[in-house]
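Every chain is named by a letter (A, B, C and D) in the order it is written, and numbering of its residues begins at 1.
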């Protein structure tokens, strides 16, 4: 409901600029496939590649070309987007044999939309720029469904000129894109958002347990929260499953805790004291220590539960 | 925007039941006046009273009767609502000369919508019931604007029968009312919600400072947050003024801290450990210790700021 | 070892002033009996009383007189000491029939060495003073063994003149006494000390678990700690039993947590932010929530343990 | 006082084993010089080296030989001790031209007593072992005075055989040495101890502020603490200067905070939740954020102070 409204409110242009160049797309995982499909559906010409090439078949049926290697894709396309599963995969498409570096050059741009750490991002950025190419990191907020619906939030950072060129594609992939300055800022912005989210999940969990032990219905608390100033999609979405002790991992707790740790480390670098985030981080660590790391991050709820009658 | 949607979604009946009895209304402060006016506008007959009787004039012009004392109002009306400024005022209209107790009796009900502590509420409840009357505590979530718009959230607890009788009035005063069980539960529910809100405000403040010190724009952080899973009216409303260091007290920090303390005490009674709320409470105390207690609770943002270049 | 040294260092006079008046002593529990015996052994004349009078027999054999009621003791003695088990007992010897108030008067003094809350202490103080008597609260630090050895630490507050008169008795009962000003300050000082102790116990527990999970021997950690700048009797005494998961309740965890809560409340009154004590308090609450409240406060160690292999 | 006792209690042999080989000693800083001097005074033959060779003069006067390079020292001596100022210096004496690696070989041992991170220690260990040599890390607890008095606490880890050989030297340098297992454990033990110390310093600071704002004398609190179960050398030594706002940097706050961070990171690796240490760490970060990083770590006291009258 809210999300629908938000789409309208940011007023994303859906008509494609006809001048847009062919776009390369590396990585046909859940996210990458949905994103490439969106580009195709909106009139872009797309050349795709995936380590297991068969994963490109579906896209091919919908009109995509297929490249034999990252280098082949870059050779053919002025702009190439990567959406890889993790830092090693993100590094591999750049540095390995048949990788991006073999063909990237002045006038060509690489946009890495994978979620990677700052160091990985810097390494790729430096290598691409050393070859004369342009680079943009552009991690996204949102998972499978928003990717399919073109409703991602894109946190881009790096070369401003490349950002401006690729905006028509971002308009199709997301409901909003931001240009955040130098490489690394995209990753940092994600950390800040996830840190706030992690603290909120803890505050929410504490409230649910407090309600329950004080003789109030957690279900009613959800209803009350949903009508007030702190109503938000996360409470609405996670609350009902949490009170049923169901923690299907949309975002694994151990990853949330890792992001808290990295955000706290960023705060440490900048002498920012964050006692609430620190307390939340320790709660997530407590959850890990009891074996909840692979469940959804909302499973932190479990550690606040009271297991004995109050003295 | 969101609030409009919410109103529809809970589908509040706006047509008044013709059988509804005349309603007494004690307390013509900002909230009380707006609420009594709403009752009048929606076809209720209302008899009002205020310590300073002149404050009843405006309501009189709109068709209200005026009672000479709380007792006089209760004598005339089957149901009387109180909306007083604080616990002493709430006790005074009940126990003082000319107070409710002089006329409350079997078949009559008193609904206290003031925000008071559990002890005050219990005292009033016991006295009213001892006289044969019915009692409901019904604190609200929402301030002036929602009161005027009939958009309050009403947290009622006490006598179920009285709740059912007064629901038509609640339908006019609020977008939603809840019946929460025994007296005290209304106050507890408010504490739980405010505790979550207080922790969230701290998480939000930490995030804003971290963004700023990490080279990100706090303004952009607000935009990114507003598009994601933790978007909520409080961030949207408070964020822009916080980054301008403006803390006009909608909800004074010292009151927020008091609610955190009471919520933690409630947790203590029930052996609920709440480390994130405890950290947030200490941050609010730190803010009080630097003289920010009378500003808006969002002023807790100030204490997270870094005042020296990082070493 | 350390304690022996301390005794010498504060140089407590062991010779009794012959001019000292007969002393009344109310309460023959574990502490009271040991203290009264110490007074006898050091040449004081003592009249004792206990609710169950038979508990006075042992003292009688050692030369004590026995009073029939608190009032009878006060009638006979210029100075009367109380060492009662809890606030209700402390109030009872003062206010009940046959209580202190019936005989206290100008020129007589009552010294309450029980551990009670500030409110109880104030009530007794006001009543004694209203009758013309003098009052001193004088809670002690130390339990059975130090009571027997005359090694208590006495935290006195109230009437300075009475303190000066009773010092010869304090010199026998404790290794050191302090006069802390107005009534209430004795209790506050105890809270501050216990708060620091509670935080230290948490820090110690976290360190023991961290050592263990990092491949270090907790036993060796104890040895290393004992040689360094933070060596202290508590670590030395509690450490070995903690690593054997033995928590014989010298000071029950629920009482320690209550003191943390009261110390935090004292901080709240004075706008003192204490994030470390707050975190420690939540850890003790967590321990209570898992049923450890009646064990020794060192049982908080249990909640830091890791129950799953790290992911 | 306590320390004297401790020395006796661990019963350190002061007579030197005549069979002990000549010992090399690299690094004539404050610590290194005092330690080498101690070896000489106790009958060891010592060959010293320092980057600035003139710093070896004093030792030469007391009978030491001087080596021209780390390699020259290692060539001459079966066992060589390093006491360098920081990780780069510790790496330099091993890996640079004229460094230890040029001469270390089977039958020779290197003992690094510098305080370095685990990574540095591992690097040195691997290189020494690759050349056939033996390695021990042996960071110490204690600063200038204990170094001069042979009262250090030595936390050794690495090759057990080498530890046993070098124990006669450790007996002279410290009041106690521990063998902690594999390389890295010495550094970890130091982190655990320093983490507990940092949390204790925060608890102590909170208590001092609470006493002060509650109308108690911080000076008296020090006296009371010193008589009780949590009396320890750190409170005794730091307390008096803290209440005079004097923070001469014996151990800089920024280094203490770094150790807290590293200890928390160690906890993170092992899924150990440490909420009290985390709160203490954020307090130290707050202190850094207000420019206190270069003062003594006891300056964290400053951030707990209340700057406004309580509301």
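Criterion: contacts are C-beta pairs under 8 Å (C-beta built on N, C-alpha and C of every residue); 3 or more make two chains touch, one makes a residue touch a chain.
Bear in mind that the values here come from a model prediction, so they are computed numbers and not experimental data.
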item	value
A-C or B-C, whichever has more C-beta pairs in contact	B-C
Reference chain B; chain at largest CA-centroid distance	D
Over-half contact-pair match to B-D, picked out of the listed pairs A-C, A-B or A-D	A-C
Separation of chain B from chain C, taking each centre as the mean of its C-alpha atoms, in whole Å	44
Intercentroid distance (Cα basis), chain D paired with chain C, Å	38
For chain A paired with chain C, centre-to-centre distance based on mean C-alpha positions, whole Å	57
Touching two or more other chains - residue numbers and ranges from chain D	267, 271-275, 278-279, 282-283, 288-289, 293, 306, 308, 310-311
Footprint of chain A on chain B - complex, ascending	1-2, 5-6, 9-10, 141-142, 153, 155, 175-176, 178, 180-182, 185, 188-189, 192-193, 195-197, 199-200, 202-204, 206-207, 209-211, 213-217, 220-221, 223-234, 237, 263, 266-267, 269-280, 282-283, 304, 306, 308, 310-311
List of chain B residues in touch with chain D within their complex	254, 275, 279, 288-291, 293-294, 305-308, 310-311
In the complex with chain C, residue positions of chain B that touch it	261, 265, 267-268, 271-275, 278-279, 281-283, 285-286, 288-289, 293
